[in-house]
Structures are given as structure tokens and as C-alpha cells.
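Per-chain residue numbering starts at 1, and chain names A, B, C and D are given in the order in which the chains are listed.
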Amino acid sequence: MTMETHEIKHSTQSVCEQPSTYTLGPLQAGPYCCIPHPVIQVKALSLFYGGKCALDTVTLDIYRGCITVLIGPSGCGKTSFLSALNRLTDLVPSCRVDGTVHVEGENIFGAHCNLQQLRKRIGMVFQKPTPFPLSIQRNIALPLREHGVTRQADIQAITEQVLRDVGLWDEVCDRLDAPALSLSGGQQQRLCIARALALNPQILLMDEPCSALDPIASGVVEELINRLSGRYTIVIVTHNLAQARRIANYAAFFWVKERERIGHLVEFGRCQHIFETPSDPLTAAYVSGATG
Amino acid sequence: MRWMKSIGAATIMLVLMSLTLSTFASSHKLVLTGSSTIAPLAIELGRRFESLHPGVRVDVQTGGSSRGINDTRKGVADIGMVSGVLKSAEQDLQAFAIALDGVGIIVHASNPVTTLTNRQIVGIFTGRITNWQEVGGHDARITLVNKAEGRSTLESFLAYFQLKNSEIKSHIVIGDNQQGIKIVSGNPHAIGYVSIGAAAYDAQRGVPIKLLTMDGVAATVANVRNGTYPLSRPLNLVTRLPPTGLVKQFIDFARSKQTHDLVEAQYFVPVSVD
Amino acid sequence: MIWWKHSISFLSASIDRWFSAALRIGALLAALIMLFILLFLLLESWPVLRHIALMRFFTDEAWHPLEDQYNLLPMVTGTLYASSGALLLAIPLGIASALFMIFYATPRTAVLYRRLIELLAGIPSVVFGFWGLTTLVPLINQWHPPGASLLASILILTLMILPTLALTSYAALVAVPKDYLQAAVALGLSRWGMIYGVALPAARKGIVAGILLAAGRAIGETMAVLMVAGNVVQHADSLFAPIRTLTANIALEMAYAMGDHRAVLFVSGLLLLLLVIALTIIAAWFGKTHHV
Amino acid sequence: MSKLFVNKDKMSYLLRDLTIQVLIYSAIVCVSGVFLWILFDLIRGGSALLSWQFLTDVPRDAGRAGGISSILASTLLVLLIALLAALPISWATAILLTEFISAESPFGRWVRYSLQVLACVPSIIFGLFGYAFFSLYLGLGFSILSGGLTLACMLLPILVSTAEAGLRAVPESYRLSAVALGMSRAATLFHVLLPVAAPAWAAGLLLGIGRAAAETAALMFTSGYVDRMPESLLDSGRVLALHIFDLSMNVPGGDAPAFASALVLILLLLVINLVAMRFTYLWQRKKLNAE
């Protein structure tokens, strides 16, 4: 198990003051990503729903500390691809997965993979904010307890820290016992990000985290994602091309074949390359807004 | 998880409680089931028996004589209550008569008819006579109340009039005596037959019913006692094995002189063994 | 160093396994009860099924178990007459009640009426039977003796299933999306046009489910019918004729039945069960094929 | 302009709508009239006898005199046994069916189908089963225990289906995000799903209690007729609904106490409703805000 050898240090102070072991740059400095070290290696990944192919042989690497955006039209398998990375596909009974996904060298579809550990290492944020119908405090405390953090003082410290990280602390510090559902949509989404951060993951998967929010809340979340890059490896699905261009280091363009409805990866590369000098005409047409 | 704990604790406590209670209770309980004719008497007997033997509990359930036989055979009841002589198929049981009772025809108290001949009764129950006018009453349709199949009162009645149940054209079918009394008391044109004891007991308490004179013999306790009333039968307590212990004590008590007042209060005729 | 004092993930995975096993035992028990009941009904009625031809339950002259005559048919027809009569009365009244609460009444009256219906849904059937015995039967008796009759049992069953029908129809109609109704009104449909053309078809599945539920209850009801039906075994030739239902037959004779008589009562229980299972199958079929 | 659209059918449409409205209103008047009549009858017949003493006295003279304290005690004990036996099994089944195994698996399908059939078994058949199985085979006799267990069998399908519906109504996103946070299924269930599903479960519980308290046929042969104060769970005890049945069928002059008992039963059901609703509300609030 990589987890045991890979001792993660977590400080109770603000993240920016004392970066963790593999943080590559200060959070405020914006994206800093130049060491292409693959943390997730996807090889020939195919997804089938009830025998029908939904995503065809995808191979790509996700680099540590970088933001990778997945773009493409609806139904091209971006979200399926994302949920295969932390094996949420297990929840769909009819879903079958071919190929391998290595996280830090370990095949997550292998027989000995500890799912709960895996999902602790790979946090996920959904399209619609999904806080539990509990208090704000308890939303963060619950998964922590589940992963063995039981001291009240520790929980409080971590809660405060992650809420500060997502910029929510000042807004809610006086009403931590209020129901999480009483927050606004943007606040709820940031709470969900904080909840994922509380487990100190290496990787964050985000499935259109801004699309259910109004433009202002969306902007706040986007800025937050920007700040988190470097410290975390982020994979994000978005339909907002402008946003993708603003935040991404790497971009993967998915497309769906008209007739068979099978999604596949068209092009993967540095953000600039995909958006400015795409090598595939499909990509060029999509990012210029001509199709999709 | 606190609520789970409390539910768990409650379950355990309840199980323990029931265990202790049941071991405490089981040896001192007598269960009597059967004839609805005997049940009111058995309840009174049980009450007095309990007062004489502290710590003993006597539970009485009705349901008909056949139930008494059934339950006794299966061991669900300690003692069965059976009205009427045991049939040949029931000779495996031990019967102990505790009283005599008659089966009487009852009508509503406001019904002008006071006596019926055997022919008239057969006519009414087989559906040949359908209006009270034909037997000297008001102009009204007769509502016939019959007992359900398997009731011993029904069997005594059928045997005496030599009828088959399939010949009876009833309008209402009832189970217990009290149900018959209740229906007749609520319907001025109804006719039925029940235990004389039950009918006399309720009539005396103001329930609007009356017992008809049958073929010239009034349905009274006195006539049952002196044997002139033709339709009478013994009331029995039955057991599967020869009685011992508490069961024997209860049966002996029920047949002793000290309970005659109870038997007579129910308008039955006591039978004595000692 | 708060994070991994100990890993409880392994522990919680095994908790899941134990928990699931415990749940399986519970579910097994629940499912076994049905088998138990069926098995035991068969076991108890076996002696009589072995030496009495099945047809005799329908071709014997009458029901006189002590004279070896076992015709169950009058009780089957009694059950069917009483429950179908009750349904015939209760369905229009129930649907009318639901329509009234949604489309006709002012909000205040609707709430008041619903409270009344809910109160009545909570009244035990034995109380309805008791009321029928003390009020309804004497009334019918004055009109046409003996009073205890098919009519009385139909009326009592109607009262009993009416609240169920009204409440299920209400729930089904409330669930019809408001958009449909608004669209109908916008098209200039009259109130009844909207109800008949849009609301009722959209709610049909729920209403039919409610009707089948009510039918099951009407067929299975014992005590209320026992109290007012007169319990004479015969084919009813008029509404004023007393009848006996299958359930009443069991309740009336079970306590003291012996030998073949007892076994035949179990056969009638079996028959009742089959009748009701047939109804469920119809319901399932209806649910599958006739949805809107 | 509008004249274009006034055709001669307009009048007949109006007439039709009016007729139907009249029909519906008369149905409502009919229904509420009859029901108010019943309620009025019950209240008039029962209120005279209803008093504190009626609730605390034991029945005397076959129920004509005295009160119903022992009947109430038996009723509550039977209910308690039934719920204690039925709740763990049915809730376990519901959780298994929704959270742990797929609805399409053979086991799940089998359990579900059995419960569907069980749900439509008439109560008298439960009575037969309980009498032969609990009273005779298991040797519990006519007792509160065998009555309660029989009722438990009867309650299973109601409790399972309501609990299942409650769990299914919980948004899938809660499960997804809980899984994404690496939480175990058991923890997800207890901390996230159950608080959300609690009102539905409570509603099912209420429905079950209502059905159980009103049940007569299933208890006739199992918990029996004895109207005395039960001393142990192996004693026979007459429940309230059976008491009403017995008073009205078998006891001449028993109408007045039957009315009063019916009134008590209805009030009891109302109170159970209100208390349980309040309880759920509080529990849910506590769960939402605690720690």
C-alpha cells in the first residue's frame, strides 16, 4: 500500500504558511506546474453500460499538481471517465470497466485495492452541491470520524482550516451548527470542496463544479480552484470553454461518434496547445465554438 | 447510535422480564376453553377457586364445545368445557359433569306468542311457517336465528327434533349463546334457541327476551331439575388424562357442594358427587 | 500528525460485511414467513385434499361439513358480491372526494375534509362493524327483515375502504405535475374537461393501485362483515339476503372445527389466499402495461 | 372577435360541468354526512361512560360494568411485542433491499415477491397461522406473546415497504458523495440516510401501529378472550378491538361499554399519531444539529 509509505503531513495552521510535503508552490501564486510527473496513468480504459460501449480505449496521464480539464460535448463520456478514476463506477451495477488506471503506480482496479483508502486519496466534487442534510460542522466531521480522526480538538482544528482554505470560514464561523442546506448554492459547493479537502486528498475530481451556480458564485469557486492548484492534482470537467482556458494546465478533448454514440478521446495536451494550436480539426472546430 | 443502544437494552429487558414472569406464572395457571354455555359459570368458579388458592390463575376462553375438546386433546387447555354427552368419537377424554342445563326456544319479550308445539317449532325451523301470524302472533316475517355448525347446543336441538342442519332455513347464523340472546333481544320478530341458563340469567337482568313453553312444558330450571323438560343435557369438564394436582383440585371443587350457589346463580341445575 | 494514528478503514469494511450478513438473516426471515404460511396452509388442508376431489368444493349440495357436504361456492360468491358491491359504491365516492379536495373545495374546506377522511381511515374495521350492527342492521330490518344482509355488508365495507380510496386517489392526483394542468387551462379547457382529459389519465396508475389495495382489503375483511352479514351460507338472491363470506366462515367455525371440517376451513383459507394472490398478479400486470 | 368562438355546444359544456359539480358536491355531502353520523353516534354513545374510572377499572360482569384497564394493558403489551419483533426484521430487510443488494438479484427479487404476497394475505389467515404455529407448535398457548408474534408477521410487509420507500426517496447524490468521501455503507446509512428517511419510517411505524391496534381477526385465536389483567406475557389477554367485538356481539346490554371502548380506541390511535409525529420531529432536529 502506498498510503503507509507515503506519510502525508497535515498542519493545523493555514496551508499557505506551511506547505505540505509535495506542494510545489505557494497557493496564492496561481498555477505553477512544470514538472510533468504523472500521478494517474490511464491505459486503454473502456467503459461499458449493460454491454454497450460508452467510452472507447482512453489512454492519458494526469500530472501531479496540475489542473487537467476535460472538455467535449454532452454524452461523450467525460463524467464516466471521471468517476472511473475513483471507482464510483462500482455503484452502477451494469457498468463494466476494461483497461487499467494506476494511481501512484498502483492499479486501482486490482483485487487488493482498498476502496475507502482510494476515495480518501481522491476527493470528488459533484456538479450540484451535495452537502449532507446535517449541520455545517457535522458535514466535515462525519467523514473525518469515519477515517479515524476522533478527537474533538483535531476535528475542530481541521474544520476551521479547510473552511479557511475555501474562504468560507469568515462567512460561517458563527453558525457552524446551522443546517448546511441553509447556505447559498455557491457556499454549499465550497463546503463540499472543504469536505473533500478535510480528508487531505492528493487528487481532486470535479464534475462541472460551477455549472449549477450563478456567475458570481461560479467566479468565487473558480478562483478557489485556481488557488488549490499546485497543492492538489485537479481533474475537472467543464462545459465553460472560457473557464477551461483560464484555469487549465492540461486539457483533454473528448468527442462522441455520431452513429454509435461511443465517446472517445480525441486529443490531449497542454492547455495552450489544445486551445490555440489543436492538431485535430474536430478540436479546432469545438474550441472555436463552431461545433458542439 | 444512541437510539440503537436503547432499543437493544429495551429488548433484552423485555425478554428477561418475560422469561422470569413466565417461569413464575406457568405452574399456577389453569386454562379452560370450550362451551359458551359453561364459560360464565366457569369464570365464577375460577374466581372463587382463586380466592381459595392464592397464586393460582384460572383463564377461561369460550368458542364452543368442540373447541374445548380440540384444545384439551392438543394440550392447549388444561380442562375443556363441553355441554352435552360426549360422543362415541370423544370417549378418549375424561368427562366430569358439573351441572345440568336445558336448551330453550327464545323470542323477543314483546312477542305475544308464549308457547309452541313441537310441530310448530319444526315448521318454523324448516321454513314451512314463515309468518308469526300462523302461530298466533303479529303479522310479521319470522327471523330465524340458528347456531353455527359444530355447536353442541345445535346438536342437542337437532337430535331432539330429529332434524338435519341442512333442513333448517336460517336467516342469521350465530356462535355463542350470548350472541343469540343479543340478536333476539334486538329484533322483535326473531326466534332462536339457547341454553336455558344463559337465557334465564339475562332475562332476569332485564334483557328483553322470553323463553317459550315447549309442548306444554315451561322452560324453567325447576323443570330441568325434575326431569320433565325434555331438551336437557349435562355440562361437563373434560380432561385428556385422569386429572391430577391443580386440575383435580379444580374439578373436585367444581363438583362439590360449596359451589352450588354459583351454579344456581347461573340458572343451571347442580349435580353432586359428594 | 493527526491523520493516521490508526486506520479504521479496514475495520469499517469488515463492519459492512457483518452488517450485511445480519441484514441478510433478517430479510431471509421475512421472506420465509410467507413460505411458512403457505406451507402450513397446505399441510393443514392436505388430509382433506387427499381424499376429497377438488371439484367437490364447488359441486356439493351445500355447506354442511358435519354431514360431509363441503360446497364453498356460496361463500366465494358471497365474498365477491360483497366486495364488488362495496367497490362499485366506494370508487365513485372516493374519486369524487379526491377531486373535491383538489379542484372544487376552497383550501380551508379541503383541509377540513381531508382531516375528516384521515380520521376515518384510522377507525378500526371492528368499530365500523359495531356501528353497522347497532345502527344500520336495525334500520334495514325495519325496511326489509332480517336486516343482517348483503346490503349491510356492502355498506359497511364501503365505509371501510372509502378513506383508503379517497386518500390514494388524492395522492395520485396531487402528484400530477402542475404544468399539465396549467397547459390545459391555457388551452381553454373547462374544469371538467381538464379533470377528465388531463388529470385523471395522468393519475390513473396511482388510482388503480389504490383500487386494488382497497379490493384486497374488502376481500380480506373478517370481523366487520361477520358482524353484519347474517352468516347464512347461501347464494344471495337479493340485496336483503344474508350471506357468509370466506373469511367469516373461518372466523365462525375455526374455533371448534375438527378433523375434515377443520381441514376444509384451511382449504377455504388457501382459496382466499389464491384469490388475493391473483389480484396482486393482476395489479402487477396492470402496473406494467397500462402506465401513461 | 370572440363571437367566432361561441358555438352552440358551449351551453351543453356548461351544463355538463354544472351537473358534474352538483354530483361531486352531493357525494361529498353524502360521505361527510354518514361519517359525521358515525362519529356523532360513537361520541354520544360512548361519552356518557367515558371517565377516568372507566380507564382504570378492570372489566366486570363480562364487560358490562367496570372499565377496560386490563384490556388496555393487554393491547399495549401485544403492540409492544409485535413491534419489537417486527421492527428489527423489517427494517433490516428494507435496508438490505435498498442499500446492499440490487433489486434485480435473485435473493432480492425473491424477498420482495414474498413480501408483496404477504402484504395481501387477509388477517384471518395470519390468525390461522399464528394459532397453529405459535400457539400449538411452539407451545405458547393463548398468550400475549403468540398474539404479538402473529401481529408481527402481519406488520412486516407494511413496515418493509414504507421503510424501503423512505430510503429510496433519499437523493442518490447523498450516497454518491458519501462513497466519494470513502465512507462505509453502514456509516452512510446511520449518519446520512436514516436521518433523512426518518419521517417516512415514522409514518410507516404509525401505519403499522394503527393496523395492529385495530386488528381483531388475527388475535381471536392467538391472544384470546381473557379480560383480566395479564400477569405475564404467557397469559391470555383480550385486546381492545376484540373487546369491542365481544361486547357488541356476545354481551346483551354491552353496547354502552362497547361505544366507550370504541371511542377510547380511536382516541388512542389519534394520540399515538400525534406523539410519534412530535417525536420524529424532535429526533430529526437533534440529528441535524448535534455535535
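Here is the rule we use: contacts are C-beta pairs under 8 Å (C-beta built on N, C-alpha and C of every residue); 3 or more make two chains touch, one makes a residue touch a chain.
Fair warning: this is a prediction, and the values are worked out from it, not measured in the lab.
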item: Closest chain to the centre of mass proxy, which here is the mean CA position; value: D
item: Most widely separated chain from chain A, with each centre as the mean of CA atoms; value: B
item: Leading chain pair when contacts are tallied as C-beta pairs; value: C-D
item: Length of the line joining the C-alpha centres of chain C and chain D, rounded to whole Å; value: 14
item: Chain B and chain C: spacing of chain centres that average the CA atoms, whole Å; value: 34
item: Chain centre separation in whole Å, for chain C relative to chain A (CA means); value: 52
item: Length of the line joining the C-alpha centres of chain A and chain D, rounded to whole Å; value: 47
item: Sites on chain D at which at least two other chains make contact; value: 182-184, 187, 249
item: Chain C residues counted as touching two or more neighbouring chains; value: 9, 12-13, 255
item: Where chain A touches two or more other chains, by residue; value: 115-117, 120, 146-147
item: Contact set on chain D toward chain A in their complex; value: 102, 104, 171, 173-184, 187, 191-192, 195-196, 287-291
item: Footprint of chain D on chain C - complex, ascending; value: 9, 12-13, 15-16, 19-20, 22-37, 40-41, 44, 92-93, 96-97, 99-100, 104, 113, 116-117, 119-120, 122-131, 133-135, 159, 162, 190-193, 216, 219-223, 227, 247, 250-251, 254-255, 265-266, 269, 272-273, 276-277, 279-280, 284
item: Interfacial residue positions of chain D with respect to chain B in the complex; value: 62, 80-81, 84, 87, 135-136, 141-142, 145, 190, 224-226, 228, 231-236, 249-254, 283
item: Chain C-touching residues of chain B, taken from the complex the two chains share; value: 63-70, 140-141, 143, 146, 148-151, 164-166, 170-175, 186-187, 189-190
item: Chain A residues touching chain D - in the complex, by the definition given at the top; value: 86, 88, 91, 93, 115-120, 123-124, 126, 128, 130, 132-135, 137-138, 141-143, 146-147, 177, 179, 192, 195-196, 199
